[in-house]
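Next come the structures, one after another.
In what comes next, chain A is part of two complexes: it sits with chain B in the first one and with chain C in the second one.
Take a look at the complex of A and B:
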């Protein structure tokens, strides 16, 4: 600790207070980042992590407290950028209509003058190769044409790239949320290299393993304050979760035994003409595993469209869908929390084709209590909620319907552990009541919760794991079979 | 070679233009000449310029409903002040460009819907046009007349002008740094802002540039018609929007194509002539024009689907 104190302060935020109306987003938070260190920042959703990031990158001016870059007290987006602060945001912040090179032009104002296209392209390509060796991204494509993981890789590469001077501090907000294990490991290795060369990284992640293995120092936030700030070696998963204020719950391995009873609720022939076929039985929790983007989402969509017409509304819905990309196809951003929740069950809520307001409010109040949506009023805009709470509303939307099967497309992306635990519990009890869950997840912990797991590879089901066979080792082995791992 | 999605979006407008042209030539072989082509596409030049102006506004996710009245206003100014006292005319045009920049700033700062603001402005421009030219009249500046009636060798002026407009705007919008920033604002303004750019400045510049092209459209129109009228270009509002969409542009997301927009404007002009050659009575022409639009847009949707299906495989 004494050693780091002697190093140059890249950013020092002390006693920062930010309030949004009555909500204290930051209540006197301190965060000092020195050159050549990687700081892990953890905390619940709504603990103030994103707010302090926005203060450091200049997007928000603090209402109280001092903020200095390399010793100079100043603030604003351009001041932050001039001092070498770069930020990779949780929600992707590239322009989807532009090519990779053009996005680099926007992020790097220095790329001007003759042949900036060529220079931008070589800049991104070099950086991509350095961070993710062996990637296969075509930098001439527009961002639209890239997969979500590729977009994240491009954004990370653009942020780490430097023309005249390298960035001093790169803030990574959930950088691995869409990356599979292999790419995440490449990124973590690069972060260590970058830090060793004197750069600093502020790493925000819900994957505690990454935080523990990659950071030098870990800062824990809770309710807008920093509650712990110690060397990473002094933490382990349990103490880290305790510091965040969650109690580590022992994982229940009481899987529903012999769940395969009766006829399959859903089934699908082998995809792409090879691999295994898919079956789901009543009350089962089925995981779709494998590396990101190997056909899991498409399989979910096919299952959904198999039962629900693309054209006509179905009278009695048997399947509900929880979207993964909540800003793209989950929430109605202009609507209230209640409207977002009740949209899927308006059929049950209406009499004579008119929505019964009383029953709608009742439904909202019930779910608010059951899944603890943290809001004073269900009529507030959905965007007033933190990301994790928005996701809870989307869960409630699916669970409030009469659907017996719920499809989930990696819904826990960027949700904090506390919320996850709450949702897992609800899922368990719903499954016990006979609902079937089909769950695509990129996180091993979630896959381990399932009764049965189908591992996808190259668009087809490569393996089926049941009960005790579901281990990280087996899933990985099935995802990378026959040496065709790209 | 793998086609980029931008190229694929250009194919449909190009193919529909060629098909329409082939149909016109089939019905009226005499149109297949220097004069014939010039007559067919003459009126496309001002429409193409107005379409480019609309496309610039649409590239930052806005829509300009005052395009028609603004072009009419510019035509009136061109036929009066620009002709009689060029300095005053140019000053008025500079003022109009500044007004467009201010509209962009106001829309951005106050977070107003561009449709409402420009709809309001359309009455302002319309009123000013009536004040300048209460009854049809005025004279085109000689140089505007000369440019629009020039007869370059081999290729008629209308085609040369269209290609020139497409090339220049393609360079500005698709190749230059400013174009990248402009489309970036349409794609994700927050990320442009976070990168340290002034989104207000970009929006103001985009609006000013749109105003400039709309002014060119007004001058070109007067150059063709020799005189002006306060209502001369009212149809341009919808024609320009249709031209952008026809040319592969989209209402939101900063996906625009200048070459496509010019082709879209040419297609729209040609659709009118095509219907006349078909001897469809003027009563039905607007409906038939709409039908052509629907067919082309349906083709585009089908192609989009095909593209998506290819991507998911």
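Take a look at the complex of A and C:
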């Protein structure tokens, strides 16, 4: 394995320091990427992963340290692109009003002159077929009309595509966060193929299985530094989690034994006129599984909007919602962290319809501690937080309400494993106190935590799994129709 | 850096700074003789802009596309009908006020019904509503000019300790609006809706109810302003609201409220209203003609909006 060290350096970042005000985002981090290797980059939210990616792709200038592409010391977005560095961002960055082909034109300036649309279309289609064989994306549609998983697939395909020359290094920041297991496996297989042909990949993911199986080398970051940099074969899940600074916890929870007691707190007739009907009982944790984009989010929205008046303020909130696509229906970008947190529970924080600032501060301080929101001051802007911490705020917003039912729309995207375990524990204790959770997740580990699972297919509920029946095999089996060409 | 941050946090400072500069320039030109009279006139006329401006600000806070163009017609109809109803009798003053508030409630409701039920964008809905309202005003007025009741006219044109009564009324309304905006749940809700309607809905905010209340509030403030203006100027005229269309929007924008919604402030409306009046009187003192004055006013508004746009960045 030592021969990788002699290979060409595609990017070398050494001793990089970046500070945002008083916050040291990177504190002397080293990251060297050679040709023909896949590097897995792991660490907590706020460990500096996204920051070092932004340094490598030229978006941020390091305040200290050296950065070189193929041995030439330079930096900036155009320099990075000229050296074949491409980046798929965690926050999806396609233009929603343009078609797939037009978005490809933005990334690939070479597509110009007569019939560039045609060439752009064939470029993306070829690449999509190569990475995700059997996909069903219509590349004439605008991005708006695609599901979040399809957008992610398109963005990945555009980044890997090359007209004159293939990219040398593709940075994938949480590429599988919206993809289901099948698509994720296709992507991982493609990464291995790309690497075997001499390309390099920097893979950032909170799904440790992917990192362990796909990378050649794993780099662990913590508090703006690299704390471990070893061959992937020297790690296993436990040692990787420990390197990140977590104590490994056994994830086995006792499932709520006395489920289905009393009357249903929520129910919904079969969707689209077929499949099973939906029921939820007090204190249950219900998973919505199935392939991404098969109607789970729509089901959650229907459940929510049917029970929430658009005209009258509700006296007693019964239902709360945790957004997955936080820039679409989660955060209020102009506001502070505290206001974002308290917006759903203003009723209980006020007297005579006037908000009591003291009680609001108290609520903020309580949740900051309980869910560890990493900020010096809750009055800072919500956008000053990293993605995972913003997601924590949205969790706290829902849990701080008096709602007895909480709907969750794949809320753990981009949240690190330590936080996830803390949130799982909070969810468990809240469920034991009688709260009902309805949880759409694309991650099998989370589906396995649920008491009962509804598997969605083509917009309707195709199967119900209870307790021990909830296994990856059963969920996948129910997700695919017998006659389907998956 | 701290001064910079302070200025960023208080966007209304600029409109007050501009007001003071224009005031000084004008007073210097007249050799100091006019300073008291000018200040009083500025406070009086700014008061009317403040009252309609506050209503417009609440609507603009609701986010992109939200605007109420029926403000001038509402002012005219309210002034006309209230004076007609009061019919120069002092005993009817309160009834007239209630009637004009009622007119505002109906027009606001009508605006939102058009927006919601017919799915017309607010800019078109309120403009069509303003045609209906203006026509009703023409039909009911029939060219007659009715005087306001004696006591009401006296109240509107006099002052307390040198401060015009209408300015005091505007100040009271501003304080109430400030409390609503900064302290109440309603203020949080409109700000949330202005930033992201979908996110506001999913946070449990009754979006349609809040928007309806806001359009009604805006129309009521315009009605009250029409009632005061008609009493102040000794009778309602059919074109009395026309200059307040641009004015109501300009004072909101110059005052530092985000045009894209979600972020607004009341003090800025005062600064901007005083500024707008003083600019016109400054150009008057310098002896410019009406046409040139309007061109300059337009250019000043554009310049201020350009500067204001440069100040605000999202992160």
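Everything below uses one rule, namely that the second predicted complex is superposed on the first by the 478 of 486 C-alpha atoms of A that agree within 3 Å, B and C clash if a C-alpha of one lies under 4 Å from a C-alpha of the other, contacts with A are read in each partner's own complex, and residues count from 1 in each chain.
As a convention for this text, contacts are C-beta pairs under 8 Å (C-beta built on N, C-alpha and C of every residue); 3 or more make two chains touch, one makes a residue touch a chain.
In this text, all values refer to a predicted model and were calculated from it rather than measured experimentally.
With the two structures aligned on chain A, chain B clashes with chain C. When the two complexes are overlaid on their common chain A, residue A:317 makes contact with chain C while staying clear of chain B. Shared-chain residue A:98: touches chain B; no touch with chain C.
Using the contact criterion defined above for the overlaid structures, shared-chain residue A:335 touches chain C, although it does not reach chain B.
Residue contacts after overlaying the shared chain place A:308 against chain C, while chain B stays out of touching range. When both complexes are overlaid on chain A, the residue A:383 reaches chain C alone and has no touch with chain B. By the touch criterion defined above, A:355 lies against chain C but remains apart from chain B after alignment on the C-alpha atoms of chain A. In the superposition on chain A, contact of A:87 is made with chain B only, not with chain C.
Of all residues in chain B, those touching chain A in their complex are 2, 4-6, 175, 177, 180-181, 183-184, 186-188, 190-197, 253-255, 311-312. Against chain A, the residues of chain C that register as touching in their complex are 179, 183-186, 188, 191-192, 195-196, 198-209, 212, 258, 262-263, 314-315.
On the chain A side of its complex with chain C, the touching residues are 304-305, 308-314, 317, 320-321, 323, 328-335, 339, 343-344, 346-347, 350, 353-355, 381, 383, 397, 401. Considering their complex, residues 57, 59, 77-78, 81, 87, 89, 93-98, 102-103, 105-109, 112, 116-117, 138, 140-142, 144-145, 298 of chain A touch chain B.
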